[in-house]
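Note that chain A is present in both complexes that follow, paired respectively with chain B and with chain C.
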Partner chain A sequence: MDFLLSYLALAEIYVLLGLSTNLLVGIAGIFSVSQAAVFGVGAYIVAQSLMHGVMGFVPAVLVAAVACIVLNILVTLPSLRVSGDYFVVTSFGIQLLATAVFINWTEGTGGANGLPGIPPPDIFGYALETNEQLLMLTTAAVVLGCLVFWLTMHAPFGRLLRAIREDELAVAAAGKGVLRAKVSAAALAGAFAGSAGGLYATFLSFIDPVSFDLDASILLLTMVVVGGARTLPGSILGPFLLLALPQLLTFIDIPTTIAASARQFIYGVLLIAFMLFRPQGIVGEKL
Partner chain B sequence: MLAVQLLINGLVTGAALGLVAISFSLIYATTKLFHVAHAGVYTLAGYVAWSLSTRGLPDIVALLGAVAAAVVVGALIQGVLYAELGRRRATHLVVLIASLGMLAVMQNTISAVYSPNILQFPVPWRSNLVSVAGVPVTVTHLLTVAVSLSAYAGTMWFFHRTILGKQIRAVASNPFLAEITRLRPQRVYVIVVAIGSAIVALPGVLVPLDLGLQPFSGINPLLTATIAMIAGGIGSITGSFVLAVGIAVLQNLSLLFIPGEWSIGITFGIFVVFMLFRPTGLFPAGR
Partner chain C sequence: MAPYLQAQGLEVSFGGLRALQDCSFTIDKGRITCLVGPNGAGKTTIFNAITGFLTPNAGHVAFRGDSLDGLTPQQIVAKGIARTFQNLRLFVDLTALDNVLIGLPAQTGEEPLAAIFRPFHVAAAQRRRRQEAMATLEHVGLADRAHEFVRNLSYGEQKLLTVARVLATGAELILLDEPASGLSAGALDAIMALLRRLQAEGKTLLVVEHNTRVVQKIADDVLFLHQGHLMATGTPEAIISDPALAEIYFGGTI
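Our next item is the complex of A and B:
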């Protein structure tokens, strides 16, 4: 039962990340392999704040969200101003740089050993310790996240983003700020990733650089691609399906030494297969 | 003396990186696709050479075998995967995600087959020292520089003096016009990716000969080479080669002041500077 609860809570955290990646890749149309890095920044900020008793869980998550918003704006603004393809370089660069920081800045991140013993989340002083309480917290966060996503997509801003995906040139000709809209979408994506990081760190009570590396970013991209780009159901379905995959793999008898490679191999195959035969994903719209 | 040694290391690394940059630049300038899976071709070449070499085949056969394998895989990626995506009118983003999937498939297949650990080439002569103008240099380093300079000269000759090279440049500058004049861009794309894969196989073998093989080591050189390509001016063979050498020298000399694990930061810093001040590169429109 505990196993099911932790699967649900973890999947819900990844739904927030799926929303984040979907905003960037599906809706703004910006290729990204650095969402795990942003996720990691959020996780480390919340972990350090709670471990040193600087502030409670709620303000720490807010600080993490703001930090990730700023980070995503700084990352997207210069490269989008130049050319869309330059963002591929920025994205890989940010991810590799972040991994280097997570591994080598030992005082801040605990290095490759990670940060153990992160205290449980609290709601204004009331600590949430059992799995049921944690699941309630992540569920509340996901409901809030989905609501924000839905409202954004149905607001004028969301229509502008859709229009940009249909015909960027026409939108620019109509006098709308394309760059501004894309950067705003990236900023919102940062807020989602930062809060997801805070939930992840406190839920697992341990974080290390492996959770936030390039492979993790590819996993996030696979979730969006499989679930479906640009829609709320797609962002929810992808994480639940792909987090069940490692559990399914344990039923097949493969040596543990190649288990990680086998998993990443399957993500790669899924990316290629969906791009070839169903680029809109299971319940998504045209990518 | 340390500075001299670092300068030499920089020049050697730069020569190898220059070939990665040339190969990527050729592919990007012609097909307009961000061929991320190129990093997988680079890695694969090293492992093929290692396999042939450990089976006791002569060194030159191992190198040629690696080049042949890279050509076949590169041509298949373009001729089957990208061509099919093109027929399905896939957007740029879709092709990019498929390419990333291909990279994940290649890297993880290699990791599962050969283990993720570092493998060294069973070649006794690789660390023999020779004296060049009084400075001791390993045979591998000397070979890397010699091969890189010849490959650079060969590429320049091919693209400016042969009919096929001129046809490729014609397709690169205007695929629509090339189609009208019956140059068949799709066929030319396969040829270009095959040539690019052959070129990238050389550093793919020579760099691991010096430093050892690792399945996930392709992304870093590809990213640095892409930065060199952008900084050198997209489409300029000389520009990307020179900038790759420049970046590698800067990276190595920076070791005098900054520890090696932050070198990705230096590379990335160079990219940001170029993006802000000279986004068209040092040698723009040098087709």
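Our next item is the complex of A and C:
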């Protein structure tokens, strides 16, 4: 039972990350491969705030969200100057840089050993310790996240981002500000990733750089591709399916030493298979 | 009084290629001016220079006496000048209606905060905008195709849609890059009738056009461009009957 509850809570946290990635990559066409880095910054900020008793969970998540808004705008800024393929390379560099900082800045992040003993989240002083309570928190967060995603993507803002993905020049010719819309998209995606980071750190009570490395960024992209780009159901389905995979692997009798690489292998196969045979994902559009 | 649109001494170079050399002309309000000339004459470059898509190496453009120098495409649209593209540049994964909606000026809900915190206000504003966009589509004869994805529209319909998208911006000076090229006879008549109608409604049009028959039918004034030089200006009759210009246009060696 606990097993199921923790799977659901973790999947919901990844739904927030799926929304973040889908917004930026799927809808706005800003092909970022560094969303896990932003996620990590949110996680470390909340973890450190709670471990040092600087503030409660809710204000810490707000601080993390604001920090990740700023950070995501900064890391997305190159996409305003370099387009398409070139931005992927830039974004790749940002991800590697972030991982280097996570591993080496021992005082801030605990280095490769990570940060153990992160206190559970609290809602204005009331600590949420059982899996049921944590699941309620992540469910509330994911409902809020989906609502925000739906409202913004069904508003003129969503249409503007879709148009920008197709043809920035034509958007400028129609009298619309491309820069402003891209910055807004980066901010919104940053807020999602930062909040997800806070939930993740407190839910697992332990974080280390492996959760926020390039593999993690690629996992987020795989979730969007498999679930389906540019749709809300796609952003929800992808994380639930891909996170079920490691759970299913535990039922198969394989040595734990190769479980992790088996998982990576399957993620890779899925990514290739979907791109080749079903680029629109299960319930989405072509990336 | 300042001319409606005035270009003075425009110079544009791409590396060693001089795309425009000392181009000066004016466009009068309420008229259809056709920009003609062989391929590579610099017609689209003039469009890009007027609409802020490139910065001329020298020269100035002024609209109703206001300088457009250094303005972004977005600011120039706000001044009342909008353009189409020869290769259309429609948003093919959006519907015809959404393409027109992108053209409508600043809307509530284009910012995420408004979309999140004032959803009902945004929805109400969108309903009004949708009606405006539908009216624009009706104007160009595409109302029945409003909810079709652009990639499913015929080429002729797509061309009409580019006109609808510039009309949505509310611009009064409209620059059309080859609106009639590649069209069937029926679609050609539809677009010529549309241009006449826009003129009657008070729009001013600058049109790049290759088809001399179309030019004769719609143009009040003609600017003849060749190798970046403005060779002649005048009525369509005067330009077309000039043997020297015909020589250039139909395979001359100058």
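The definition used in the following text is that the second predicted complex is superposed on the first by the 280 of 287 C-alpha atoms of A that agree within 3 Å, B and C clash if a C-alpha of one lies under 4 Å from a C-alpha of the other, contacts with A are read in each partner's own complex, and residues count from 1 in each chain.
Keep in mind that, in the parts below, contacts are C-beta pairs under 8 Å (C-beta built on N, C-alpha and C of every residue); 3 or more make two chains touch, one makes a residue touch a chain.
Since the model is a prediction, treat every value here as computed from it, not as a measurement.
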item: Room on chain A for both chain B and chain C (clash or fit); value: fit
item: First, second, both or neither for A:59, with chain B first and chain C second; value: neither
item: Which of chain B and chain C A:257 touches, first, second, both or neither; value: first
item: Touching partner for A:187 - first (chain B), second (chain C), both, neither; value: second
item: Residues of chain A touched, compared between chain B and chain C (which is higher); value: B
item: Which of chain B and chain C A:169 touches, first, second, both or neither; value: second
item: First, second, both or neither for A:116, with chain B first and chain C second; value: neither
item: Touched partner set for A:246, first chain B, second chain C, both or neither; value: neither
item: First, second, both or neither for A:152, with chain B first and chain C second; value: second
item: Geometry of the superposed three-chain model: angle at chain A (Cα centres of chain B and chain C, steps of 10 degrees); value: 80
item: Distance in angstrom between the closest Cα atoms of chain C and chain B, superposition on A; value: 11
item: On chain A, the residue positions that both chain B and chain C contact, one per complex; value: none
item: Partner chain C, residues of chain A touching it in the complex; value: 148, 151-152, 154-160, 162-163, 166-167, 169-177, 181, 184-185, 187-188, 285
item: Complex contacts: residues of chain C adjacent to chain A; value: 51, 53, 72-74, 77-78, 82-83, 85, 89-94, 98, 101-103, 105, 107-112, 114-116, 119, 122, 126, 129, 165, 168-169
item: List of chain B residues in touch with chain A within their complex; value: 34, 36, 81, 84-85, 88, 90-98, 100-109, 111-112, 115-116, 219-220, 223, 226-227, 230, 259, 261-262, 264-265, 267-268, 271-272, 275-276, 279
item: Contact footprint of chain B on chain A as seen in their complex; value: 25, 29, 31, 33, 78-79, 82-86, 88-90, 92-93, 96-97, 100, 103-104, 214, 218, 221, 225, 257-258, 261-262, 264-265, 267-272, 275-276, 279, 287
